[in-house]
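Residue numbering begins at 1 within each chain, and the chains themselves are lettered A, B, C and D in the order written.
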Amino acid sequence: MDDRDADPDITADFDPDADRLREECGVFGIFGHPDAAAITALGLHALQHRGQEAAGIVSYDGKRFNSERRMGMVGDTFSKASTIERLPGDRAIGHVRYSTTGETILRNVQPLFAELDSGGFAVAHNGNLTNGLTLRRELIRAGAIYQSTSDTEVVLHLVARSRKHAVVDRFIEALRQLEGAYAFVALSNKILIGARDPLGIRPLVLGQLDGHYILASETCALDIIGAHFIRDVENGEIVVISEDGLESIKPFPPQTARPCIFEYIYFARPDSIVHGRAVYDVRKEMGAQLARENPIEADVVVPVPDSGVPAAIGYARASGIPFELGIIRNHYVGRTFIQPTQTVRELGVRMKHSANRAVVAGKRIILLDDSIVRGTTSVKIVQMMRDAGAKEVHFRISSPPITHPDYYGIDTPQRDKLLAATHSLEEMRSWIGADSLAFLSVDGIYRAMGEAGRDAQRPQFTDHCFTGDYPTTLTDLNGKDIRAQLSLLAETG
Amino acid sequence: MDDRDADPDITADFDPDADRLREECGVFGIFGHPDAAAITALGLHALQHRGQEAAGIVSYDGKRFNSERRMGMVGDTFSKASTIERLPGDRAIGHVRYSTTGETILRNVQPLFAELDSGGFAVAHNGNLTNGLTLRRELIRAGAIYQSTSDTEVVLHLVARSRKHAVVDRFIEALRQLEGAYAFVALSNKILIGARDPLGIRPLVLGQLDGHYILASETCALDIIGAHFIRDVENGEIVVISEDGLESIKPFPPQTARPCIFEYIYFARPDSIVHGRAVYDVRKEMGAQLARENPIEADVVVPVPDSGVPAAIGYARASGIPFELGIIRNHYVGRTFIQPTQTVRELGVRMKHSANRAVVAGKRIILLDDSIVRGTTSVKIVQMMRDAGAKEVHFRISSPPITHPDYYGIDTPQRDKLLAATHSLEEMRSWIGADSLAFLSVDGIYRAMGEAGRDAQRPQFTDHCFTGDYPTTLTDLNGKDIRAQLSLLAETG
Amino acid sequence: MDDRDADPDITADFDPDADRLREECGVFGIFGHPDAAAITALGLHALQHRGQEAAGIVSYDGKRFNSERRMGMVGDTFSKASTIERLPGDRAIGHVRYSTTGETILRNVQPLFAELDSGGFAVAHNGNLTNGLTLRRELIRAGAIYQSTSDTEVVLHLVARSRKHAVVDRFIEALRQLEGAYAFVALSNKILIGARDPLGIRPLVLGQLDGHYILASETCALDIIGAHFIRDVENGEIVVISEDGLESIKPFPPQTARPCIFEYIYFARPDSIVHGRAVYDVRKEMGAQLARENPIEADVVVPVPDSGVPAAIGYARASGIPFELGIIRNHYVGRTFIQPTQTVRELGVRMKHSANRAVVAGKRIILLDDSIVRGTTSVKIVQMMRDAGAKEVHFRISSPPITHPDYYGIDTPQRDKLLAATHSLEEMRSWIGADSLAFLSVDGIYRAMGEAGRDAQRPQFTDHCFTGDYPTTLTDLNGKDIRAQLSLLAETG
Amino acid sequence: MDDRDADPDITADFDPDADRLREECGVFGIFGHPDAAAITALGLHALQHRGQEAAGIVSYDGKRFNSERRMGMVGDTFSKASTIERLPGDRAIGHVRYSTTGETILRNVQPLFAELDSGGFAVAHNGNLTNGLTLRRELIRAGAIYQSTSDTEVVLHLVARSRKHAVVDRFIEALRQLEGAYAFVALSNKILIGARDPLGIRPLVLGQLDGHYILASETCALDIIGAHFIRDVENGEIVVISEDGLESIKPFPPQTARPCIFEYIYFARPDSIVHGRAVYDVRKEMGAQLARENPIEADVVVPVPDSGVPAAIGYARASGIPFELGIIRNHYVGRTFIQPTQTVRELGVRMKHSANRAVVAGKRIILLDDSIVRGTTSVKIVQMMRDAGAKEVHFRISSPPITHPDYYGIDTPQRDKLLAATHSLEEMRSWIGADSLAFLSVDGIYRAMGEAGRDAQRPQFTDHCFTGDYPTTLTDLNGKDIRAQLSLLAETG
């Protein structure tokens, strides 16, 4: 195989993060706190790793809903006092976004808002609806006018058209028509709502600050403001927070939870606790498990920064091989990159990372990363180790091969772009250029999670990316040409 | 009367244009020209005097509708090639906006767009619906979700919910439910539509460039691109332009046209031809008529620039008193003003205009303006003449006293803010500080238009600002508290 | 002659102001007023017509000199309170700039500043030194480091290197080495200085506000703040303003003043009084004189706006032919222009002006402008009149033909680009496409100024653009290749 | 001691990097490469850790010097092709800046440039002159005009005033007058110069790319573009690079080198090689040495990220105590921070870092940082560990106590702000709130560098921050009031 020669980009700069799966979103909500918008901004900042393209906050001040939605990072867009001052009120919801469906333009940035006859209603969504396009088409046929291309907007229209009286009943009626994965936070003029899909694919936790309830995608968003964690919102649970306190509603038939395993592998922040498991510890254990499954002699364990670090620490400890920073990350690269000339491009410039020759030269290195998607940056990072004088490069991945795309809120390439979907292990090793390549096994990852292994009858996690076992029907995917043209409108700004 | 002393602003800078009525909008559309968006931008630039707060263009390229909507001036926002390049296609509509209803935020900027089951539909509106809020409330009750606070959006929802098949039939069904004033341009994937309300209150003309039809609020938008004028769209007429040519539809019972007289007094550009009358000539004739109605001895005729100039030329010629530029306009003032300190404020700085002492000092001057709304700047401009040494200041207004607010697309203050609604002529003169004050009579203005006088039975123009004679019912105004809270959402950006 | 066909630009948009001479600068200074910087900003705003590319203010607060220099208009750049607050102190000087020598980059924006061993020294300059490059070369040879490419900086270095003790003596020593035209305002930690060259080519007036002295290029900068005019600074006079009052110094041998005649023709604002003459009245008289010198039958007198208006009023009155606004200026064009496609360009779009057909069609028009430089826009404006239906176009210019470039602070093209330098009157008429063409005579312009005619022995004005009679030696121009490379450094921002 | 209670900021957010010493600058130069400016931009990007406030590049294209200087990060300011295109030529020098003397305003951003009679001359400086102010005063007295408040400008004036003929001789004449620390790169129209002060306090290395010489502050700037390292420029050496190759000049009496020890402790990037020592290895060895000097029982070694990581790895390995990421750094914090309300401030929000409870709770932790300056953030980081449940916090510093300020290009607070200058070890421990506190000894740090210990007679490094042993005279510091007022001019923009 020499596809590598065909890759025009192979010697140019690379970003290890460019070949990871990306999460769609993070959500946050708070009820009753005088600094609701400021706290929401802080919570979203802690959830920034779940979406860096845009962010939005809607607050309610007893008279009006106030909305600020912006392209870019929370730390840049919600850092000014003047922005927060435009969001008065003691209740707010917020959203950070990386888009999976819908273009990333301002009108798609959440929370989305609708004026119902009963008052305003704002909603923010982490996840993806697998029948969103089908519902959209039906609603448009019935005269609905969409303001966005986001699949989330379908919820607004279903709520607006519901004939129920109470907002929470209208919302539940809407949820019953949805298929797919969701963690919602929603705000009306009376209540804050949190909702998780029947399988609990996407995470949502409940916390409290000075007696005021908080909803957030991860516990790290509680930690940043010193709030305490109460519990995970359960799969299929709707929590309704009002001045009368918290009410839990379970409108769906009971099912066993099946949370997304990728929260542990890559999405969640290492200091978050997801379903009772410390993410940092799980990742170290994935590394340790990998060392046990695939022992090899080497001089140093080198993580691909930063996400490979915990697994590398676990691997190093389990194997007794020293952990070293063999790749240095340049902290001064933001979102802007130098566009060098062709001559400069041929230099193989590394803007974001550099090899630490003192660690790498003349060594047999175990290079540890958390996953391979397309494999494009793996090629480059292995080459960088060799350029710095590595004697051997043994590439180790602390999760199983990704063979199937996701439809529940993770941005995956189409199946034919997934390296492991089209290549054997040896083909992958050869293409990447490593001396050896090994992945953690599917049962291994379940073991790192504290399970005995995968329960094939009732899998404990949503793991279709490794197994092809999709937990829901996929209505849109099975419809004809439904993606043909999502929107007739192109608009910037 | 000494209200004047109570005006804290009285010695500060002033802008004569700050006390004029303001037009809501201008519209433009073209069908079939390869540079549709660029030509629309030029047409909107020529219509810039009709709305300076925001502008937008929607084009259709055979596959997608492309939309660019921006706050600010056309010359600033649509001047870049890159913006025009984002608007491909051979048909486009555009809009310039000064807001009367609806906040001036981006989501209110027109053209508004909806995706119908039959395809996209964009609409731009000059005018104001007097039952827009009533219809809005009904539609929200039926589950419609509004994307803006513009009264124009009601049309989109009525079209979306129509059960008719053809877009033009759905649009006509929508028009039948509207009350008030409108000149619409609309664009579907097949046709360009122009429509005027049954009384033809707001203007709309039809032109042609290289065989391609154009719709525009005024003829000056045809002149800028060298297009030729065909005719005014008639009151109550819908013109449908497609690849098959132009079709005229008249879905309303026939009525006599009653166009808004303020187009002649202030809104239309002096080089436009409105309903067969050259605006410049009409304004000169208003000045001449005023000279005949109110002769007085004086040394010079001084216009308040720039809108008072044609009437002043007419007055000077009719009276034989020399026309002089007694007030010099500073061309370098844009939309930004120096905010001086209190000390500086007391200097009575004049940033935008200055008296031309060589003309004014020691003279008896006839100061000519086109209208008085609140009168606040009249006080200042008369004072500026006195400060420059004028011996006498005779203030002459080339239109009748404004005593009633407008509800058809002109931004007027509430009735109790209209100087002429609450003050006698002598009270006005005294408050303004002029040696004499005179307005053109109502019959006088009709005479300047070439009529024998106002036909009280069937007035030839919409003139309720002078007469209180509103030409349609005012459903929203008569509804209860309907304006209480137009929108529950506050959003910037 | 058919050069016209060769002009690719001939049908495109045009800006009448694009073919006028341009002034280099305006200056302003005030001593002792608590709002010195705010007042300077207002004064510069009134002088904006003298330079729109950049502006700067330096204030002194008793301890530090504070400087703000910006590209762009005063109304945009000095309109914020925060900017003025960075300019504390009760004395300040300011400058507006259109560049003749030196690139327009921030380091060239005045006032320029130097730290002398005796304290700070800031200077602002209207005019041009005809030995600036020669002096620059000598100073660099002696180890001086230039911070700008402005000819004004030479003054700073001459002051810095002077061995005199008092700043005013060092400044006078510097002035003695200069040749050319200048009106300077300068600020040290003790004094405000104003200085005019020995012939008084560039203007400078002295005024007072609440007892505090003011220096300004024109009286309109006094009017805007309600200051009163005291007198012109005399040719060859240095005025030194300190806490002890005003001292006048005349260090040069006495000469008769010879101010630049172009201040009256085009540069000064119509409401300014220059050397005791009201500019507006002089311009009207130039028009009247032109009517007397070149009578012709016609239907209307049409000014090229806005600078042609006073002369057109004078012409109309003297000839008895009616004055009409046959060209309408679009007030909404700022500094940004739409860049149309080639197709659109061929439409002959007129962004900035439009013909007023109601006035022009079928008429014999006298088109009145103040000057012709290259003639490029004259061609277009005559064509615009014909396109609007003018039966005859008689082009009249209220000043003599410009045959020689300026070196004293007016931006003129090289001699071979001056239409009148290379074409006969008939050739000019033919090229411009007018039915007739006439200029005011040289004696005629002197008569309009109140003189009996030009005194060939001792001309009363600097008029070399019409006569080739340069009032000083031109050292740089006569040096060899001295302009070869003004600066070795190119820097933006 | 309870100063801590007096610190109003103690519970608020903190940035560990806020209490580190800061480097003044980094320099880069290349001669003969067609992409000189692009390569310089990349080199500066790799040196970004040496200065983040501003950056500049000057190139020479055979005719002109081209300069671009900007506030902000290289990755933001020099990332556009258009910026690089304004820097043509095959030779260039560049500079990144954190200011120690001179305000951070654009005119202080380097490279500085002067036009000499022999041509242009640009210079960039890392270091600080200890007689810069004294020389500045003398030069101003002699008529020099300064364009900046940077101490570097003195070099330009000394070169400009030198009577020598060749630029290199003029530059050497200038260097002879300087006292302090410097690594210079300079560019004339013929040559690229590199120079290090006689003690070699600040670093400068020589490399080569495709046969073209490169000068850079650190080897990491060679690595990013794949250039190879040749050698360090020696202390007191001037290297002159021209089309004829490289010439080495040693104009000073020979001295033993005495490079700054802080390059190893904090400034240099971990992947750089400084004077033959790998910085990463030295730092690990500092940690190991610290473990040997101060053994203590504990459960985990936690680095303060990111600069404490290598020493923590070394400490963990030497002590056998596990290395863990007990503090997580939020990568999404740029230069903008949320300004929370007082209520929010009291929450003790941590925007930039968070404790990893899974690692910290219930543990005895060794917290490892590289230095303590004021100690303000040490208080907060210890508190954060306790808030996360740490049982014991043993604070370990991998360098000696800082007791003296620097005057050679490192930004240190005044002596009375240095915690170790005014507090005993126990006082420091108590104030910081740790259970124990220990620093690496002075001899220990020399041992980590591979020395037997500090040679008191001829210290191998510049280490006055720990010892008070300043290697040069300090002329400015000993002069009277010389800092009284560095500049009379305040200017933004």
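Definition applied: contacts are C-beta pairs under 8 Å (C-beta built on N, C-alpha and C of every residue); 3 or more make two chains touch, one makes a residue touch a chain.
The structure displayed is predicted, hence computed values, not measured ones.
Following the contact convention of this document, no chain is adjacent to both chain A and chain D.
Seen from the C-alpha centroid of chain A, the farthest chain centroid is that of C.
Rounded to a whole number, the gap between the C-alpha centres of chain A and chain B is 50 angstrom.
Separation between the centroids of chain A and chain C, computed from CA atoms only, is 62 Å.
Taking the mean of the C-alpha atoms as each chain's centre, chain B and chain C sit 37 Å apart.
Residues of chain C in contact with at least two other chains: none.
On the side of chain B, the complex with chain C involves touching residues 34-35, 38-39, 41-42, 45-46, 48-49, 52, 73-76, 78-81, 84, 209, 220, 223-226, 269-271, 273, 278-281, 306, 309-310, 313, 317, 322-325, 328, 330-334, 336-341, 343-344, 347-351, 354-359. Only residues 63-70, 86, 106-107, 113-117, 119-120, 137, 140-141, 143-147, 156-157, 160-161, 189, 485, 487-493 of chain C touch chain D when the two sit together in their complex.
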